[in-house]
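The following pair of complexes shares a single chain, chain A, combined with chain B in the former and chain C in the latter.
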Partner chain A sequence: MKLKKNIATSEAGFVFNPGTGDSFSVNQTGAEILALIKQEVSPEEIIRILTEKFEVEADNAEKDLDDFISQLYTFNLIER
Partner chain B sequence: MEKLSYERPAIRKMNAGLMNKFGARIENEPVTQIDGVPVSSLIRDFGSPLFVISEKQIRSNIQNAIRIFRTRYPLVQFAWSYKTNYLDAVCRIFHQEGSWAEVVSGFEYDKALANNVPGNRIIFNGPDKSGEDLLKAAKNNSLIHIDHLDELLMLIDIAGVHGLKPRVAIRVNMDTGIFPKWDRFGFNLENGQAWSAITRIMNDKNLQLSGLHCHIGTFVLSPSAYSAAALKLSELARDIKNKYGKAIEYLDLGGGFPSNNRLKGVYMPGSDTVPSLDQYADAITSALLGFGYRQDELPLLILETGRALIDDAGYLLGTVLTNKRLSDGRRATILDFGVNILFTSLWYDHKISPAQDSVQMTEDMVLYGPLCMNIDVIREGINMPVLEKGNHVVVHKVGAYNMTQWMQFITFRPNVVLVDSNMRTHIIRKSETIETVTMNESVPEQLKGKSS
Partner chain C sequence: MKEKQKSRSIVVAVTALNAIDSPGPGIAVIRCLREDPEFDVKIIGLSYESLEPGIYMHDLVDKTYQIPFPASGTDMLLTRIREINEIEKINVLIPNFDAELYNFIRIEDRLSEIGIRTFLPSAEAFDARDKVNLAKFAEKHHFTIPPYRVIFQLNEVKQISENLGFPLVVKGKYYDAYICNSIFEAEKAFYKLQAKWGVPVIIQKFIPGTELNVAVLGDGKGNALSIVAMRKLYITDKGKAWAGITIENSQLTETAVRFVRATKWKGGCELEIMMSADNKPYLLEVNPRFPAWIYLTAAAGQNQPAALAKLAMGYELPEMKEYQAGKLFIRYSWDMIVDINEFQKISGTGEL
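Now for the complex of A and B:
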């Protein structure tokens, strides 16, 4: 799983796909996850990082990450 | 290091489309209590899903309706439409407020009697009255609204055989300028069938023609249609007076007033599109008062309003089972109640509120019921805060028809609770059990015993 080429992300949570012209906004947690995906960090590792940094149980972090990633696929922002 | 507070990751596509000039407000304020009773304690004590009915709201609705009509017209009588919600507790609240009963079957008729409604305050409508039903209604001096010629002939026979003088009206259908025209019930005015039926009644020595009835449709959004109906019934009453010298005692304009629910396909919420009860009252009473009745012959105006008096007194509480992401990216939230108990979700885009404080971030989602059926969709598209497993929701304005048209399917129908005017809760219909469902079944002898 990696971010598609040319996808521009900002720390403030702005995402732009120059291929389609679509732009997106993500919240802070979403921005953190996108940054980790950009570094090709595995989902298991992302969950670990989230639970260390935030007040969240691993189960909930996993459910939310799963849902978030499925949206990134739908929006054509990541590829396997 | 102290951990940061967590917010679930969210991404939203930014659309630079045209501005929406209507700017419909999205109402996602949590609804945490009903008439002062917390939703969480209702679900804890009575289970989920759960229908909740507000006694206070019912009383306020009927009192308000009576005030609206009686301040415009001196003789008004409401009759509670049993088919809209015939839970005994609900009917009895309406009867305590002075409503008669309007029934459409022998079953409903017996229910009204059991609710201590005097026979002469029961209006018997509908196309399916048996000979036994008609005899009982005639003996009780009820108002029998004849639907078709076979029923009229049957009643003439019954009255003759038993020496009864039943009080009757005919149901008249007519063109009031709305679509669809409800011409399948009663006798048509324009093609002369209504007048033929009246002639038949007036020529019978037993039947007493007391009134004229119509019921022009359901969820009728045009007050002027009622004005047309009141006028046409008045003209018919005048013709009867002229020909037979008989003054009609009452005109029953039926029901059909809408509630504030939003019909599917309508963009704006019901509160913006549905005329107020005052507008219907104006339309009807202006037509009657302007018609030219003699003061001592003004007919009693009967109204069989159902939906508009009960819808907003009913709530359905439910619980989120899970969430999914659909193939097109939409969020799907699965609730523990389906279209079988929320029958009106097939007609309306019900307002649904979260029942707890939630994150500010909202998302477009589909709300599904729990039935293993693809048609089990509660809302096809709604913008709500993301709900998690175990969260509760409140569906608004479900008081009409759901508790009469609901279907037992796959699982049991839930408890119905009344919150009374003193914030006390009462179960007014218990949830079903396996015994409720199987009590009328029987197994042939050869099928008893162990399965192989």
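Now for the complex of A and C:
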């Protein structure tokens, strides 16, 4: 799982795709997940980090991460 | 600390000073020229009407002269430019209106004889990208364009509209376009465009998608020296970008490179592209001059108008490769207050 080349992200949760000009806002959790994806951290490891940091069960964290990643696919921000 | 001296003084004449709701590119071109670190420019504005805002922008335009409307022909234009040149000794002339370009292309050599350099496309390249000829051009050079028809009479609107299907875009010969959803709307648009720009009128199938523009500078030998792409973020009811953002997109770059190679385009131009939902770039139009948003190219790191002035002056320039994606422009309106004496002077004497 890899963000597309040149996708710009900020700590505040702003995401800009320079290939299309699309921009998006994500919440703090989304920004943290994006930062982890950028560092090429595996989905399993992201789930572990989320369960450590937030009061969330692994099953729920996995489901939320799947939803988030499918949105990243939809908006063409992640390599297929 | 002493400011670095600019190395060369040049006089540049620029047209299209109408910074209104459908703005001409002149003011943006002038801003670019003034920001060039090498040139110390004196700007001569060339205007058609007394209410073109640039005439009164004295911090940007040093002196303005009125010139005859394009319909007056090349002899009158040349006579007027010669008069102005006697006073101003123009080095470079940059015309920026579609409707005047053909005249300037025709007198290019005679301007050169009196020391005025231009950097304009050939008449052949200019004609090839004309809206009326775009289908032939696209077919020859394998560009994807929306289906369209060129019409001369109102009674053609109905059948062609039915063949193409709604929605469709009815476009003027030089400027203006209306998205129409019925035969009634298409006929109304035909009347308006015929009255304003004459015939032919173009009826084009509407392609839904993202509107993208590319500003390009060709060297006349088939090379694109600068390509800067912009996505429209805010579009006025006239279809003009009121805000936009630079993007980097290989499909757009490739389209621009192919266009310049095919036409050996010399000078500035703007490709209007609709990126369809399935990511296919449709070439809608090619404007044969810089767009009104050209200052964004300088802001993003590729000052196309300054480069054009240098090419006109005979400089050899390398291809500009990098620019900053994610740079926005946001246009705004500003009410200038002008003394009646100034208006009287430009209206009465043809200069200010």
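Keep in mind that, in the parts below, the second predicted complex is superposed on the first by the 79 of 80 C-alpha atoms of A that agree within 3 Å, B and C clash if a C-alpha of one lies under 4 Å from a C-alpha of the other, contacts with A are read in each partner's own complex, and residues count from 1 in each chain.
Throughout what follows, a contact is a pair of C-beta atoms (placed from the backbone, for glycine too) under 8 Å apart; a residue touches a chain by one contact, two chains touch by 3 or more.
Please read these numbers as outputs of a predicted model, since none were measured by experiment.
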item: Room on chain A for both chain B and chain C (clash or fit); value: fit
item: After the two structures are overlaid on chain A, angle v-u-w for chain B, chain A, chain C in degrees (C-alpha centres, nearest 10); value: 90
item: Partner chain(s) touched by A:Asp64 [first = chain B, second = chain C, both, neither]; value: first
item: Touched partner set for A:Ala8, first chain B, second chain C, both or neither; value: second
item: Partner chain(s) touched by A:Ser25 [first = chain B, second = chain C, both, neither]; value: first
item: Minimum distance between Cα atoms of chain B and chain C in the superposition (Å); value: 6
item: Overlap of chain C and chain B interfaces on chain A (superposed complexes); value: none
item: Chain B-touching residues of chain A, taken from the complex the two chains share; value: 15, 22-30, 32-33, 50, 52-56, 60, 64-65, 67-68, 70-72, 74-75
item: Touching residues (chain side chain B, partner chain A) in the complex; value: 3-14, 323, 325, 328-329, 331, 361
item: Residue numbers on chain C that touch chain A, as the complex places them; value: 210, 212, 230-231, 233, 245-250, 275, 325-326
item: Parts of chain A lying in touch with chain C, wherever the complex brings them together; value: 6, 8, 16, 18-21
